[in-house]
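Heads up, there are several structures right after this.
Shared between the two complexes below is subunit A, which pairs with subunit B and subunit C, respectively.
Let's turn to the complex of A and B:
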């Protein structure tokens, strides 16, 4: 029992991973997908959906904001993870770099989600049937959770944790955000 | 053990917990990403083979 209390974060993580695997391999995943169809149908009827479908110029403008926000977010990730790997900004204090990059990352994330929501409304039924869209949503969710519940707490304990664990987390973070960007671009090429 | 001695011990335990969780999460991410991208690359290779032999 004391081990569960002392390692509650690790236990919670294992529980979340087990639930995620159970969700992925059971019928619950397909049932959830079917249950979400009315939501996506409704999204196309919202003002954002109508504007996105009707005025291509507005959609293109919002898409530009989306891509610039992705560049902002990606830049923050590259700088923060590059510092953890000891590749860039090594003359700056690690925690100062992480704190400043986190603020930029947060701004990028807010812009990405807001512009992405608008774009998704315009092409809701198209993306609903695209497998890669769901992988992007999965990667984005994993990236946000990873940033908040794994990466930041580890950086907060800088000095008490090993350099190897910081580097592994940096590599995993880069892989997640690369996947978010790559699957996002894939959506653009699909359908 | 008094309170002043317990605090560093608690911090060390918290750091171990955070580090273990980070290692497990990172390993999970890397394995999942490797499986996903391996599958995607294989499907593209199959398409190229069908198209060009």
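Let's turn to the complex of A and C:
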């Protein structure tokens, strides 16, 4: 019992992973997908969906905002992870760089999600049937959860965490956010 | 001039490698994806530098430190973007060279490069007395704001190239056609 208390965050993470795997391999995943169809049908009827479908130029402008926001978010991730890996801003205090990059990351995330939501409304039924769209949503969710529940707590306890662990965190973060961007790009090539 | 550019693009188009690159689903998409994903490195670093100058990001990190340390990864990102961008042009030379958005993008790229050169000159001239201040001196802030504007427009034009609104085979208005470089009687692509 004391082990569970001492490693409660690790236990919670393992539980979330086990639930995720159970969701993926059972009928629940397909049932959830079917249940979400009305939501995606409704998304296309919203003002954002109608504008996105009818006004190609507006859709393209929002795509531009999405790309710029992705660059902002990516810049914050690369600078923060680069600092953890000892590649950039190595003479600046680690926690200061992490805290300030987190604010930029948050702004980038808000813009990415807002513009992404608009774009998804315009092509809701197309993306609903695209496997890569769901991979992107999974990667994005994993990235946000990783940032809040793994990365930040470890960085906050900088002194108590080994350099090796922090480097692993940085590599994992880079892989996750690269996956988000790459799957997002692949949506454009699919369907 | 437009006829010259058209002839050059047609010549590129006769290369087997150009056709092969265009028709290779995976190769073309990998190059395009790399071009877009390199944005995170090049523009990501550029945004951090410009936002720092404007006092909107990383205010506690000395401004010249940010500019010097993030310059190298930023230039690495831009190098990848230039190489992949040239390959993308090589894959579809005629349509790209006759895209109004591509032409505006090239002009904006030149403007952004000039602005970056001026920015670095001003940065050297400004010395380091203001380094710890949350905002850079006015000339540097103007340079940073222009840089953000130019790159936002460059990304927009890059995105718009994919759309065929003003393509030569879509019979654009005479002025648009001339700006896009449409050549009377040219083969349609």
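As a convention for this text, the second predicted complex is superposed on the first by the 191 of 191 C-alpha atoms of A that agree within 3 Å, B and C clash if a C-alpha of one lies under 4 Å from a C-alpha of the other, contacts with A are read in each partner's own complex, and residues count from 1 in each chain.
Here is the rule we go by: a contact is a pair of C-beta atoms (placed from the backbone, for glycine too) under 8 Å apart; a residue touches a chain by one contact, two chains touch by 3 or more.
Predicted, not measured: the structure shown is a model, and the values here were computed from it.
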- Query: Where does A:181 make contact in the superposed view: on subunit B (first), on subunit C (second), on both, or on neither?
  - Reply: second
_According to the stated criteria, A:125 is in contact with first (subunit B), second (subunit C), both, or neither; which is it?_
neither
Taking the superposition on A as described, I'd like to know which of subunit B and subunit C A:91 touches: first, second, both or neither. second
Thinking of the overlay built on chain A, is A:135 touched by subunit B (first), by subunit C (second), by both, or by neither?
first
Margin query: Contact-wise, after the overlay, does A:78 reach subunit B, subunit C, both or neither (first, second, both, neither)?
Written below: second
**Request:** Using the touch definition from the top, say if A:101 reaches subunit B (first), subunit C (second), both or neither.
**Result:** second
Shared subunit A footprint, subunit B vs subunit C, residue numbers none
So, in the complex, the side of subunit B touching subunit A is made of residues 11-30, 33, 36-37
In the complex, subunit A touches subunit B at residues 6-10, 12-14, 17, 135, 142, 146, 150-151, 153-154, 156-157, 160-162, 165, 168-169, 171-172, 175-176, 179
Note: in the complex, subunit C contacts subunit A through residues 29, 32-33, 36-37, 39-48, 51, 57-61, 65-66, 69-70, 73, 152, 155-156, 159-160, 162-163, 165
The subunit A residues in contact with subunit C across the complex are 56-57, 60-61, 63-64, 67-68, 70-79, 82, 87-89, 91-92, 96-97, 100-101, 103-104, 178, 181-182, 185-186, 189
